[in-house]
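Should a chain be cited, it is by its letter among A, B and C, assigned in written order, with residues numbered from 1 in that chain.
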Amino acid sequence: MTPLLQVENIAKFYGARIGCTDVSFDLYPGEVMGIVGESGSGKSTLLNCLAGHLTPDDGSVQFDTRAEGLRDTITMSEPERRMLSRTDWAFVHQHARDGLRMNVSAGGNVGERLMAINARHYGDIRGSAIDWLGRVEISEDRIDDRPTAFSGGMQQRLQIARNLVTGPRLVFMDEPTGGLDVSVQARLLDLLRGLVREMNLSAIIVTHDLAVVRLLADRLMVMKDGHVIETGLTDQVLDDPQHAYTQLLVSSVLQV
Amino acid sequence: MISIENVSKSFVLHNQGATEIPVMQNASLTVAVGECVALVGASGAGKSTLMRMIYGNYLTVTGRILVGDVDVAAAAPREIIHLRRHTLGYVSQFLRVVPRVSTLDVVAEPLLATGTPREDANIIAQSLLARLNIPERLWSLSPTTFSGGEQQRVNIARGFAYPYPALLLDEPTASLDPANCATVLAMISEAKLRGAAIIGIFHDNAAREEICDRQLDVTKYTLGLAA
Amino acid sequence: MSDYNFAYLDEQTKRMIRRAILKGLAIPGYQVPFASREMPMPYGWGTGGVQVSAAVLTPDDTFKVIDQGADDTTNAVSIRRFFQKTAGIAVTEATADASVIQTRHRIPEQVLRSDQIIVYQVPIPEPLRFLEPSEVETRKMHSLEEYGLMHVKLYEDISQHGDIATAYAYPVKVEGRYVMDPSPIPKFDNPKLEMAGIQLFGAGREQRIYAIPPYTKVVSLDFEDYPFQPTKADHACDLCAATDSYLDELIVDDEGSRMFMCSDTDYCSTRRKQGHNGAQGVPYAEDAA
């Protein structure tokens, strides 16, 4: 089996300061990897380098494209990369308003990615939008409402629908449950788990919430000061952490 | 099916003066197809620790843990994930699930994860829940609110949903009444008959006598270490 | 002879604008930035169109100005007089006699010939502006041909109004490449964008020039199940009885009585001269105009 994503020696510097450095890993189809660490550990910088939002100073990000197999997304042309980011890739932002068009209806938000890849049949586009709203548990009669009229949890689910409608293979998530109430988080996590399984999605999830990665991620990467300090199976890293910092991180979580 | 060779394990507590706590030394064990081996020893002797090492939940640094042809001690995470999905089942003492997910879905999940169609998975899950006397009105509810015994039976149903060739059972009969206990033992027997290699921890002597072919006292690998 | 340089602008400026026009013609539908000048009239009065006209006019040209189809509004009269004064050129109200036509909001009903140039006044040249406020991003979208957003706008129309409600400034795709705002002409006029004449678009405040060369393919965006329809009032002109022209609706008294009449005044009067007479029209008399 070919990895979907092969990351080698990614490094990003902000002047003399390290954003992240020496990051390498493979991600296989259907795999979910969590990246945890405290604020400033470089996890978001890494995610943005992988998703093409930032250009790393070193390293390569090979993605298994449908047409040509492994391609370095850092050196590929911008049109190709942007095409990837609206077909095979998806990016779920922490704040839904960063990932939605707030002045466009829910249906238009979901339909945009379809129209961007030349869907030109209104009925079909609307049908897909209704289907996807249903899959993220948003009632069909909200299809013409703008996201400004939605709750935080609904906005986040709408963002997920908008991203997954084109059947991407790789989803980047930046603190997907970050700003949500605990009860809403559980619903979202359950939804994401189901979608990951049904669509055989690969995902990279950045979060500081260890409960989120325990439930969603197969594998875990722990970052500190821009470096990866520990990797492994999620439950192994959480239940038998090897590195001093990971032990501190795990033991610092309040038990309920 | 399962072969453990010279496995050792210690915990290093970096934030408590780098204290090193050895918990297992040179443990060895083999379990054949269709065989059930009980781990015995006093509470805290290291039965669960060994079981967690076999499952890959605890990292093994020295020795080999072969499950089928995969060495858990040396395998990459994705190989262990694949192993857990298709080969090695584990019924832990505690049920850990996403809040809000229905009991039926919790039980069906191992089947869905291995590609069983939703309807077939539901049928299997329903028959297991019925067999373990979980009232049907609870199937659509999340098991997080269930009693200890009910949670334990949901956990067993989930562990037996997919026919794993190897099974780890940590106190599967601990909080069950005699009737349910008998059901679980029957399920274990059936698993043995289809060729599953099983390692179990049984608090209940009678149950252990009934189902296990032999037993291994882990104390000999751990005695004096934890002190 | 006036004291102004021919057509007001200095020769250097006109050459700069002509270069922008030529580039626009070479890349149909592409918005070429140009150094828009201050003109002796306010923005919104057609300063972009005036600069383009100034750059293409020659002393032999005959000039016509249309404002909402009419030649006699303040705006049209001012611009026509401006070039009479600064260029000393001939002017006309007859579409067929003009070699350069500057227009706001309409394309003449009469089919234009290959020896004619039509100059459009454009308020907002960027068709993607509705949904994407960033100029950096819209330029990138044009360069990468990412036009999904245009259809999001049409989708929103249908979902809110049951049909594509955009009635003017209806977006088009030019020669299969650039999506373009045809300026605020009614969508009735969109099919006429495929013509023999040269079409130039000037946006003074936004400092953009773009163009459609003769016989260029211009397609109005739509959905397969909601095809583009060039609509007009379902009525005949009450003055000249034309059924094929774009109509203005006029409330004529306090009782709400109304009449429909051609928006293109030259087209209407030409027809009336030919003897066509509408429901509320009176036969054309030479001195009535």
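The working rule: a contact is a pair of C-beta atoms (placed from the backbone, for glycine too) under 8 Å apart; a residue touches a chain by one contact, two chains touch by 3 or more.
These figures come from a predicted structure and were not determined experimentally.
**Student:** Going by the touch rule set out above, what shape does the chain contact graph take here: line, ring, star, complete or other?
**Tutor:** line
**Student:** Farthest chain from chain A, going by the mean of C-alpha atoms per chain?
**Tutor:** For chain A, the chain whose C-alpha mean is farthest off is C.
**Student:** Please compute the C-alpha centroid of chain A, do the same for chain C, then give the distance between them in whole Å.
**Tutor:** Using C-alpha averages as centres, the distance is 47 Å.
**Student:** Just curious, how far off is chain C from chain B if you go by their C-alpha centres, in Å?
**Tutor:** 77
**Student:** How many Å are there between the centre of chain A and the centre of chain B, using C-alpha atoms for each centre?
**Tutor:** 32
**Student:** Which part of chain C faces chain A closely enough to touch in the complex?
**Tutor:** These residues of chain C touch chain A: 131, 144, 146, 148-149, 151-152, 155-156, 158-160, 222-226.
**Student:** For the complex, give me every residue of chain B touching chain A.
**Tutor:** Touching chain A: residues 11-15, 52, 56-59, 77-78, 80-81, 96, 98-101, 112-113 of chain B.
**Student:** Which of the residues in chain A end up touching chain C in this complex?
**Tutor:** Of all residues in chain A, those touching chain C are 78-79, 82, 86, 101, 103-105, 107-108, 111-117, 120-123, 125-126, 143-144.
**Student:** Under the definition above, what is the set of chain A residues touching chain B in their complex?
**Tutor:** Listed in rising order, the residues of chain A that touch chain B are 28, 31, 186-187, 189-190, 193, 197, 214-215, 218-219, 231-233, 235-236, 239-240, 242-244, 247-248, 251.
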